[in-house]
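Some notes on the structure that comes next.
Naming follows writing order (A, B, C and D), and every chain is counted from residue 1.
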Amino acid sequence: MIVQLQKDITAEQRTEIIDKINQLKYKTNPVKTQKGDYLIGIGKAEFDIREIGHMEGISDIHIVSDSYKLVSKKWKVRPTSIDLGDGVTIESGKFAIMTGPCSIEGEDQICQTIDHLKENGVKIMRGGVYKPRSSPYSFRGLGIEGLKQWHDAAKEAGIKIITEVMQVSQIEEMHDYVDIFQVGARNTQNFNLLDELGKVDKAVMIKRGISGSIDELLYSAEYVFSGGNEKLILCERGIRTYETASRNTMDLNAIPILKEKTHLPVVADPSHGIGIRHHVEAIALASIMAGADGVIYESHHVPERAYSDGQQTLNFQESKDLIRKMTEVYNLRERL
Amino acid sequence: MIVQLQKDITAEQRTEIIDKINQLKYKTNPVKTQKGDYLIGIGKAEFDIREIGHMEGISDIHIVSDSYKLVSKKWKVRPTSIDLGDGVTIESGKFAIMTGPCSIEGEDQICQTIDHLKENGVKIMRGGVYKPRSSPYSFRGLGIEGLKQWHDAAKEAGIKIITEVMQVSQIEEMHDYVDIFQVGARNTQNFNLLDELGKVDKAVMIKRGISGSIDELLYSAEYVFSGGNEKLILCERGIRTYETASRNTMDLNAIPILKEKTHLPVVADPSHGIGIRHHVEAIALASIMAGADGVIYESHHVPERAYSDGQQTLNFQESKDLIRKMTEVYNLRERL
Amino acid sequence: MIVQLQKDITAEQRTEIIDKINQLKYKTNPVKTQKGDYLIGIGKAEFDIREIGHMEGISDIHIVSDSYKLVSKKWKVRPTSIDLGDGVTIESGKFAIMTGPCSIEGEDQICQTIDHLKENGVKIMRGGVYKPRSSPYSFRGLGIEGLKQWHDAAKEAGIKIITEVMQVSQIEEMHDYVDIFQVGARNTQNFNLLDELGKVDKAVMIKRGISGSIDELLYSAEYVFSGGNEKLILCERGIRTYETASRNTMDLNAIPILKEKTHLPVVADPSHGIGIRHHVEAIALASIMAGADGVIYESHHVPERAYSDGQQTLNFQESKDLIRKMTEVYNLRERL
Amino acid sequence: MIVQLQKDITAEQRTEIIDKINQLKYKTNPVKTQKGDYLIGIGKAEFDIREIGHMEGISDIHIVSDSYKLVSKKWKVRPTSIDLGDGVTIESGKFAIMTGPCSIEGEDQICQTIDHLKENGVKIMRGGVYKPRSSPYSFRGLGIEGLKQWHDAAKEAGIKIITEVMQVSQIEEMHDYVDIFQVGARNTQNFNLLDELGKVDKAVMIKRGISGSIDELLYSAEYVFSGGNEKLILCERGIRTYETASRNTMDLNAIPILKEKTHLPVVADPSHGIGIRHHVEAIALASIMAGADGVIYESHHVPERAYSDGQQTLNFQESKDLIRKMTEVYNLRERL
């Protein structure tokens, strides 16, 4: 059960509501986000919603039987729009493009990428400054200094930044230079990180875990949401299976299923989803037809010389073609 | 190595070529299909193709290092077209639609389905008369009598039939009533069945195994092809993974990867791929954008009363909408 | 529901029982095996078992809610013993050893293997004469002639034969030369083959499918059992997962779970389960501790020269050591 | 390549060695652990080890082509022993038992568990005070106060503590109350956590990721080791597969494979590996036969009332029986 409280609720009203919920053998979890004040009731007993609904201080109430609550479409039917400022949004039912390199490598690369985005009307740039790498001896990213340099150039160009945060201690130092914090596939169930991102007033994109289920992705989103942050985006990026012909198995089933279960926007990452450069386009276009609200993919001015993930990274000509095609496919989807 | 022999090759020429290949430490497998006469050389030694290429009696020669040979795009660059007669084809790069019920249930259902196909310009009807069922106590299909009844009605309407063959002994009895023999996901590696289908002059569609790899699907196709039958279609129908939110995990990565590796047409089965009726459309349209040469899906006049698979079967209104949308998506793909 | 009928039941009594079951909204499937005469009731309604239990002509009745019935431990609590003749048995709770080459290669190999078995007190020899191979160009086994040669030598030595049958048409020709028909992992859901093996008076060992579930293995066993053949053995041989460090992922969880669900004997195949010769021993011994009623593994006088599977095949010294160790581990298990 | 440096190496000698390695086109990563001072060379060029081996300041050198280096058995052939003090060790080739509840719940539970351990000669107690939970609304553990209480009781009883650390900020507060830091399956690739645990002078046990590969587990160990901490233990706890009859699929193949690849001790967690209380024993005993250097499992004085994981937790009588049986199985393994 989710009870949304009125802004001007009194302490007594609040206490009465909590007592009432507890009488129904439900435990109450108070949740205060940037947008609302909620009581989440956890329990299994059946009850008549009218027993609570009439009480003073309540603005809305719903029974949500899923284990995730606030991210459920049963709670919020209208699609969610994430406002990144300057007119840039990521929105359920619309279509956003995010591109850029796997790793931020330096000034020249940053500038060339920004120019590529501007020429093609793309408003959000991806790139990594903290890189999770299987081996401790691999390149681990330029870190906070790289991010600052990137931020200066992007801000001037009106480009928003999405980049991965790997641990709690990075949140504060990255905060002012980031528009969307990305939670990577290895951190989807790093619950402490999710808790802390709940306290941040920036958008958060959570990637599905390497072998994460669709429900687990929604639970992870519930962590951030119930921590206080409603600006959430989900991302399908392929799962681990026995098939070795592709890097991961892009699970496009997840897109219509997620869109049915949650009001949050869902984007697709075809670069990691298939991991083969000349097939990224096919999977990107398929993702749109499956219902994705956006696509995030890797591009680089010279993929062959990228510090990481070059084998799945488009060059700027390929990226330009893809942007044009994605726009046409999205337009058709809207008309169908 | 694949050596295509001239139609009028002499016995001596043939012997000389085989001797030459054996000298290169390659074993030779003779393959005679409905269309051609080949020698497949199996070995690993490097050699200069000109040593053989100039010999009398050879019409074409290629080095194909994949373990599958005749189905490889390295052998045959031009896309394959399967001619079902009466102007009905399934062709690499084009788009075919196949629909109908999971199980053939009787005359009324057959007629209603045929009417639905005719109204929507669909030329190929699917349906099962032999059903593979996990439990021996489940409905196992109407068998050969159901097929004959179906065939009579379909023939009159100019509709082609695709239906599953489960074992060698059924091939002969089914032969005259079938346009495409379907090999189901549980029989992808039933090598005896594949061998026998190699001897048949009817098209064969092989579904990917329940947890079959892309390469294994190509090997299975090689069985039929090297058995003599070049009229082959491949089908992606979802694989088994840990995710339980969908019936299978539709692997759309497989479509561009297969299209790169083989000249054979590749179709998608979104009904089994996601297994949820109201999401079949999203996955069907995504499959087309991923490059599928056709879509096969389940439809029924009253899905709720279907003998099997009702939960993933479209009714005729949904089917009609899907056909219209698929056509538009395919048309866009052609223009992009 | 399973109703076991008395041997001397009259036609009228039988009809009355069927009518009664149908009145409870259960469908009846008659099953006649080599040992018993049963009615399998399929339905979901609740009823009082005493309504039927008292009727004339019934020797036993149980409610079995699993989808598999006759193989369930809820039906038959006592462990099953498969009698192969000459005092050789495979029995739930005991321990049987089966070894021999992947492929039967010829007389010398047969004789050396039989000598190895005799020296070590092993009574059952494995070997393949029909080999399922991914590629049509690989060695496919010596066929029926190889089996006859093997049978002559084995019979003289008092050794029983287990070998794979790949299709229905092979059953008859193999019948007189085989003690246990093996259904391979690619044929676990070849339902026609299972149906036909139900009619045979020889033991059948069904391997778990390449990505088959535990329940599917039990359903496949139910096919053979309800077809009439109670002499069934199940085999865990590893499943397909994302892990590539081993050939398959041996699922030893399956052993105690199967032993809880069915009265049939369960054996382990560590050769395919791990696929690495020097680790076969560890997995064989672990299988026994997990509760296996037997172990089947590959051995060869010169594994390096085996026609197939050499990388997972023990030489005779390794095999001898393993037999000694397995015996000690089994003895300890009995004492614990 | 791994170069172990002499303790009294001079700065000039060190520089010379680094220059020499760089000349071979290898990058050098300096690693200083509690026990040694190393240079890890990363590169692919072939070279003659004698070119470096004779240089001043080197105590040992090996070519290790695996991507993991210091944890490889190619570097260190002798098995590793982790000394926890007071004569308690976890050692490759020996056998350690760790048991206790999933979650620490309070004083009574702590005391009863400690009594159970003492009565059965078990020296290491497991328990969670920070619990990773899929849903934010579930019980998340007693936290640091629970740990302190536990520590007081355990210290008095001479019992060592293993407990999960979920994030970097917990390391310092937990440090004095913990004997082994456990890295959970969701944090196996939390590289920041691994980095920081490399700086700690306490043992660390890393669980295999939920769908982690064997190689990834070794890379994660390399993170901690190259961060400075050699006191490492690996743990197989089951992987995620399609099979739903068990909670996870215990991958006992991983045990002999890990034992071959690394000198670190490898323990098994049958509680999570199968997740079914009455089958934990079978998998625990099988793990020992597969070569495990220890078993960690869940026990509770009243499993039915445990705050978490009760369905896979043994009561003390079951635990006592298991300890006796494990000891007998280990003893047999030693004798074989």
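Going forward, a contact is a pair of C-beta atoms (placed from the backbone, for glycine too) under 8 Å apart; a residue touches a chain by one contact, two chains touch by 3 or more.
Not measured: the values here are computed from a predicted model.
Visitor: Touching both chain A and chain B: give me those chains, sorted by label.
Guide: C, D
Visitor: Looking at CA centres, what chain is most distant from chain C?
Guide: Comparing chain centres, A lies farthest from chain C.
Visitor: Quick check: how many Å separate the C-alpha centres of chain B and chain C?
Guide: 33
Visitor: Quick one: report the Å distance separating chain A from chain C, using the average Cα coordinate of each chain.
Guide: So the centroids are 49 Å from each other.
Visitor: Distance between chain C and chain D based on Cα centroids, please, to the nearest Å.
Guide: Their C-alpha centroids are separated by 38 Å.
Visitor: At which residue positions does chain D touch at least two other chains?
Guide: Within chain D, the residues that touch at least two other chains are 211, 215, 240-242, 244.
Visitor: Which residues of chain C touch chain A in the complex?
Guide: Going by the criterion above, the answer is residues 211, 240-242, 244.
Visitor: Which residues of chain D touch chain A once you look at their complex with the stated criterion?
Guide: Touch residues, chain D against chain A: 27, 29, 40, 42, 67-69, 132-137, 166-169, 186-187, 189-193, 195, 209-211, 215-216, 219, 222-223, 226-227, 240.
Visitor: State the interface residues of chain B toward chain A in the complex, per the touch definition above.
Guide: 211, 213-215, 238-239, 241-246, 249-257, 260, 273-274, 276, 278-279, 282-283, 285-291, 325, 328-329, 332, 335-336
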